[in-house]
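One chain, subunit A, appears in both complexes that follow, with subunit B as partner in the first and subunit C in the second.
Entry: the complex of A and B
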C-alpha cells in the first residue's frame, strides 16, 4: 500500500513541464517542508546518528574518558573482551534467556492468541489481563516478583510449602536465579506477542476454515495446515521484536539480581556493557561489547527472515 | 460460529486460569502494600490484610520522596509526549505530503533508526550529554565539567523524539485524500496552515496512539535516568524505587506501596484507552 501511494506522489512530482506559478508554489512548499523536518532531523542525527557512528568508531580505539586521549586500537578491544570469562558467560546467559523468552514464549503466546480468537464472552477482559504486564513498569513489577520469590515469606515458597516441597532461595541461589528471571520475563513479554498474533489471526479469511470443515479436517489439522502458515509474517515480526527485546534485557536483571546475580549466574551482555562503561568507565571496551550485541541481532534478523520466507516484508 | 457449551467452558477455564496468573502479582502487590509489618511476617500467611493499613502509603511517602519521584516522572512523560507529538507530526507530514529531493533517503534513514538497538547508541549518548559545551562547568569544547548530566535537559531532550512516531504519522498522513489539501490551497492557505488546520485534525487516532506509547515508554524508562542522574531531587519513580529497594531491603509494605504508585497510572490509562494501546503496540513493538 505504501509503495503504490509513494509511486503516485513521485509520479506527480515529476510531471513536467509545469506552469511558472506552480513551480513557485512547489518551492514554497519545499521550504515549509524543510522547516518542518529540520528539528526532527537535527535531533535524530545528534542523538541517534552520531552515537551509532561513535559506537562503531570507539570500539576500535583506546579512548580514555578522563584524560581525553584517543588512539587507534585495531581489534585489541575485541581480543580483550573474548579473553574475559565473565563476558563469555554473559553471552551464554543471554542466549539461554533468549531461547526461553522468545521461541518458548512465542509458542505459549500463539496458543493463547488462538484461544482468544474464539467468539466468547469477556474476550476484551482476558486480553487486557494478558497484556497488562507489558505496559507496567519493569522495575516496579520486578520488585513485586522479588517479594514473591522471597525465600521464607514469599508467595512461591509458601505455596510450595503447602504441597510439601522445600522451595529454593530463588534469586540468591545460583541455580535458580536465572530461571526466576526468565519466569518474570516470560510473564512480562507474553502480552505483546499474543497481541500481534491476535491482530494477525483476525485477518485470516473465515472461508478457509469453512472449506477445511467441509473436508472434515480436525482442529489440530486446521491449526497446522491453515493458521500457522498464514501467521508467517506475524511470526517473523514477533520474532524480531522479541529478540531485540530479549537480547537487550536489563531492567529486571538489574533489579532482581544486582551485580550479575549470585556468582555472576545471571549476568547478561547488557549488564556487562553497563558495568564496563559506567562503573569501570572503559568506554572503548564497552563499545566493542555493544558491537558484539549488535552483530548477534543482525545475524538473528537475517536468519529469521530466511526461516519465515521473503513474503514477510509487510511486517 | 460459536463453540458449543462444553468446549466453551474448557476455553473459559484455560483463559481464566492464564489470566489469573497474569494478574495475581498485581493483586499481591496491592494487598501487601496494605498489610501491617506483623501481618507480613505472619505464618501461615493471610491472603487479605488483618487490618487494612492505608497509612502505609503516607508512611512510604514520608520514608522516601516518592512524591517528588512521581512528579518528576509525570513531568518528564508529559514533556516527552508533547514534544514528540509536535515534532513528529511536522516531520511525518513533510515526508508524506511534500515532494522534495532526498525524501526517500530521509524516510529510509528514519526506518533504519527505528531498528537501531538501544545498546548500539547509549554509551556515546552518555558522552554527548556529558560533553555538552557551556553546560555544567564545561568549556566551549565540552571539557572540564559534567555537561548535561544531573539536569532536566538530559532527562527531557534526548528521549523527546522517537523515529517510530515519525514513521506512524507519515503512514497516516499518506492515507489522506489529495483533494483536501488542494481545496485548502485554492482558499489561499499556506503549507503550515494546511498541516495544522486541515490534515492534523484528521489523524487523531495516530495522535492518540503515539501519545500513549510515548507516555508509556517515558514513564517506564529506567536505564537512561539511571545513567544520567545521581541527585535525589531529579530521580524518576522507577530509579527511585530501585534505589529504595537497595537501601531498605525488607520494608516490603512500603516497597509495594511505592510499586503501586509507579504502576497504577499506566494501568488506569490502559484500561481507559485499550483500543489505542492495542493499535500502537501491534504496529510498533520495537524499542
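Entry: the complex of A and C
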C-alpha cells in the first residue's frame, strides 16, 4: 500500500511541473489552430448558425416583413399551417415523391451499378452517360423534358400516338403531373447513386465471390448473400443523402409544374415554404413550415440510422 | 396594452432575427445629398423586373445615360431581376433594412406595400395625373387617395382571334357576348377521328388562369372586392364567369384541360391549333416570331371580352419610391424620368407592351403594334386586380380554385366560396 502511494506521488510529482517552453508552444499552437479555424467557424455561424436560430425564433412570432412589426405568436403559426389543406397535401406529395425517388431509384441504381461493374464493352461510356444528368443544370434538363412531355408535339405522345395510344397531358393533368416529375427526378438522380454503389462494389473482396463459386452459388444467390449485405454502408449513405435531397426537392418541380402544378397536384413542402415566404410575404409561417420539414428530416434520418446504420457500423 | 409591450420588447429581437435570417449585406447607404439648391444628388438603387436580358439592359443603360446628363450628381445602381424573382428581392431588401430607393412593381402591389408604410407618397395628385393618363391607368398607383406609384407600361389581356379561321367557318365578327363565345367556340373546335383535339375553339389555358377568369368576371358585371374591401369574387356574376370557363372545358369540350399551358413552347393560336384565345398583348410578339405571315397578312384580330359590359384586364408596371430611401428627391427624380414619354416608350418597345401615357398613343411604336393600339383604344373598359392590402396573399390561391372547377372537383360556386372564405381570413388577419 505504501509502495503504491509512493509511486503515485512520485508519478504526480514527475507530471506536475511542465516545462514552460512546451506549455508556451502548446498555447501558440492552439492560437494558430483557432486562427486557422476562424474563417470557417465565422462562415458557419453567420451563414448557417444565425439563420437556423432566426428560423426557430421567427416560427413562434407574427412577423410582418414589410411593416417591420413583430408579435409573439406561440403555436399560432403551426396551428395555421396544419389547418391549411394545401400544406397538408404538400407533405403527402413530398412523401410520395421521396418514396419513388429514393427506395425505387436506389433499387434501379444498384441494378445498373452491378451491370456496369461487369467487364462489358464501352463501360466507361455507359457510366458517364448515366452520371451526366446529375451534373447537368436542373433547369436545362427540366426544359428539355417539358418539350418531351408536351401533349401535342412532345416526343412521348408522338411515340404513343404511333402505337395508337392517346397520351395524356403529362404536366397539366393532375393525375399525371406527379408521375412525370418523379420520372425526371429518378432519371436525374440515378447517376450519383449508381456512382456510390459502383465504388462500394469495387471494394467487395473478390475472394468472397470465388468462395461462393466453389460452393456452387448461383448469380442471384451471390447477389443476395454477398453483394447486397456488403453494400449496406453505401446503402445507408445513399439512403440518407437521397432522402434529404428528396425532401428538399424544388427546382425540377418548380420548372416543370409552376405554381404547384395543376390543381396543386405537385406542390411539395419546399415550394410551399417558398410560396409562403416570397409570394405571400408571410415569413413567420414559412419559418414554421421549415421547422416541420426539419422535424421530418430528423425523424427520417434517425429511422434510417436504426434500420441500416447499426449493420453499417458493424460492417 | 399587453400587445404593445410585447411588440416593443420583441422589436429588437425581430431586427436581430431578421438580420440573421436574411444575412443582410454589409454597409449602408452613402450620405444623403439632396441639396437645398434644387439639385438632387446621391446614389439611388433601382430594382427593375422589366429590362430583362442583354437587350433590356442596353435599353435601360441608354436611358440612364440621359438621366445622368440631366442629374449629374445622381448615381444609379441597377439591380436587374424578373417578375418571378421580384418578391424575393423586395422581401430581402426590406427585411434587411436596406430597401431599394426606386422599386418597379406590378399592379395590385401598391396597397400591400403602402398600407404597411413601405412606400413614400409621390409629389403628384390624381387630377393632374388624369391629364396625362387614362383614369383607369392611374388608379392602381393610388392608395387611400394618395399617389404611391406612377405607371410605366401596361400588360393587358383581351380576346385574340384568327381572322382566317373565322372566315373559313363563315363567321364574320368575333363574339360580342358569352353565348356567342360558346357557340363560336363549339363551331370552331376540331377533333380527329380518334377524338383527339386538333384545334381548340377557344383557348382559355395559354394565359394565366386568374388573368383569364378576371376579365370574364368583369365582363359579366362582377367585381373583385366590395367598396369596403370584402371579397366579391363569389358573386353570381363571378360564378357565371367561372361557369363559362367550366362549360367551355367540360360541357362543350371546346378545349381539353392540359391542351396547353401558360409559357408553353408554342402558342396554339399561332399554329392554328386554336381559333381564338384570351391572351396578353405581347402574344402578338410570340405570333410574329412563330408565324410572321399571320401578322403580315393581317390574319390576327382582337376583341373585347363582353357580356354585361366590355372588359379588358389591365396589369402593368409602376415606379415607386421606398419610404426609407436616403435620397427621396433623387429617387423621385428617377421615377419621373422613367415614367416620362421617352424612357417609357423605350421600355414598352422592348417588351412589346402597352404604353401608359396618353401622349404615346400616336407614337410610331403604337401605330405599328396593333395589340398595343387596340389596348390603348379600349382603356376606358380596363379593369385592374388588387385593391386590398392582403392581395398578395390572396392572388396565389385563384389558380387552384379555378382549376378545381375546370377539373370538376368542385362546382364554380363551391370553388369561389372557399376562395372567398380564405381571402376573408387573410384580410381579417391584416
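Quick notes
Please note the rule applied: the second predicted complex is superposed on the first by the 275 of 315 C-alpha atoms of A that agree within 3 Å, B and C clash if a C-alpha of one lies under 4 Å from a C-alpha of the other, contacts with A are read in each partner's own complex, and residues count from 1 in each chain.
Throughout what follows, a residue touches a chain if its C-beta (ideal position, glycine included) is under 8 Å from a C-beta of that chain, and two chains touch if they have at least 3 such contacts.
Small disclaimer: the values here were computed from a predicted structure and weren't measured.
Look at subunit A after the overlay: subunit B and subunit C clash there. Once the two complexes are laid over each other on the shared chain, residue contacts for A:244 go to subunit B alone; subunit C is not touched.
Among subunit B and subunit C, the chain that touches a larger number of residues in subunit A is B. Touch criterion not met for A:218: it reaches neither subunit B nor subunit C. Once chain A of one complex is fitted onto chain A of the other, the partner contacts of A:55 extend to both subunit B and subunit C. Legend: residue contacts after superposition of the two complexes on their common chain; A:88 is shown touching neither subunit B nor subunit C. In the superposition on chain A, contact is made by A:65 with both subunit B and subunit C.
Once the two complexes are laid over each other on the shared chain, residue contacts for A:199 go to subunit B alone; subunit C is not touched.
By the touch criterion defined above, A:282 reaches subunit C but does not reach subunit B.
By the touch criterion defined above, A:115 lies against subunit B but remains apart from subunit C after alignment on the C-alpha atoms of chain A.
After overlaying the two complexes on the shared chain, residue contacts for A:46 are found with subunit B and with subunit C alike. Shared interface residues of subunit A (contacting subunit B in one complex, subunit C in the other): 46-47, 50-51, 54-55, 58, 65, 68, 146-147, 150, 153, 258, 277-278, 283, 287. If you check the complex, the residues on subunit B that touch subunit A are 1-3, 8, 11-12, 14-16, 18-23, 25-26, 28-29, 32, 40-41, 43-45, 87-88, 90-91, 93-95, 98-100, 104, 106, 109-110, 113, 116-128, 143, 157-158, 160-161, 163, 166, 171, 174-175, 185, 190-192, 195, 216, 219-220, 222-223, 227, 237-239, 241-242, 245-246, 252, 255-256, 258-260, 262-263, 266-267, 270-271, 274, 277-278, 281-282, 285-287. Subunit A makes touch with subunit B in their complex at residues 2, 5-6, 9-10, 12-13, 25-26, 28-30, 32-34, 36-37, 39-41, 43-44, 46-52, 54-55, 58, 65, 68, 112, 115-116, 118-120, 122, 124-141, 143-148, 150, 153, 155, 158, 187, 190-192, 195-196, 199, 237, 240-241, 244-245, 247-248, 250-251, 254-255, 258, 269-270, 273-274, 277-278, 283, 286-287, 290-291, 293-294, 297.
Within the complex, the subunit C residues that touch subunit A are 3, 6-7, 10-11, 13-14, 16-18, 20-21, 23, 87-88, 91, 94-95, 112-113, 116-118, 194-196, 205, 256-266, 273, 392-393, 396, 399-400, 403-404, 407, 409. Those residues of subunit A whose C-beta lies close enough to touch subunit C in the complex are 46-47, 50-51, 53-55, 57-58, 61, 63-72, 86, 146-147, 150-153, 166, 168-169, 171-174, 258-260, 262-264, 275, 277-283, 287.
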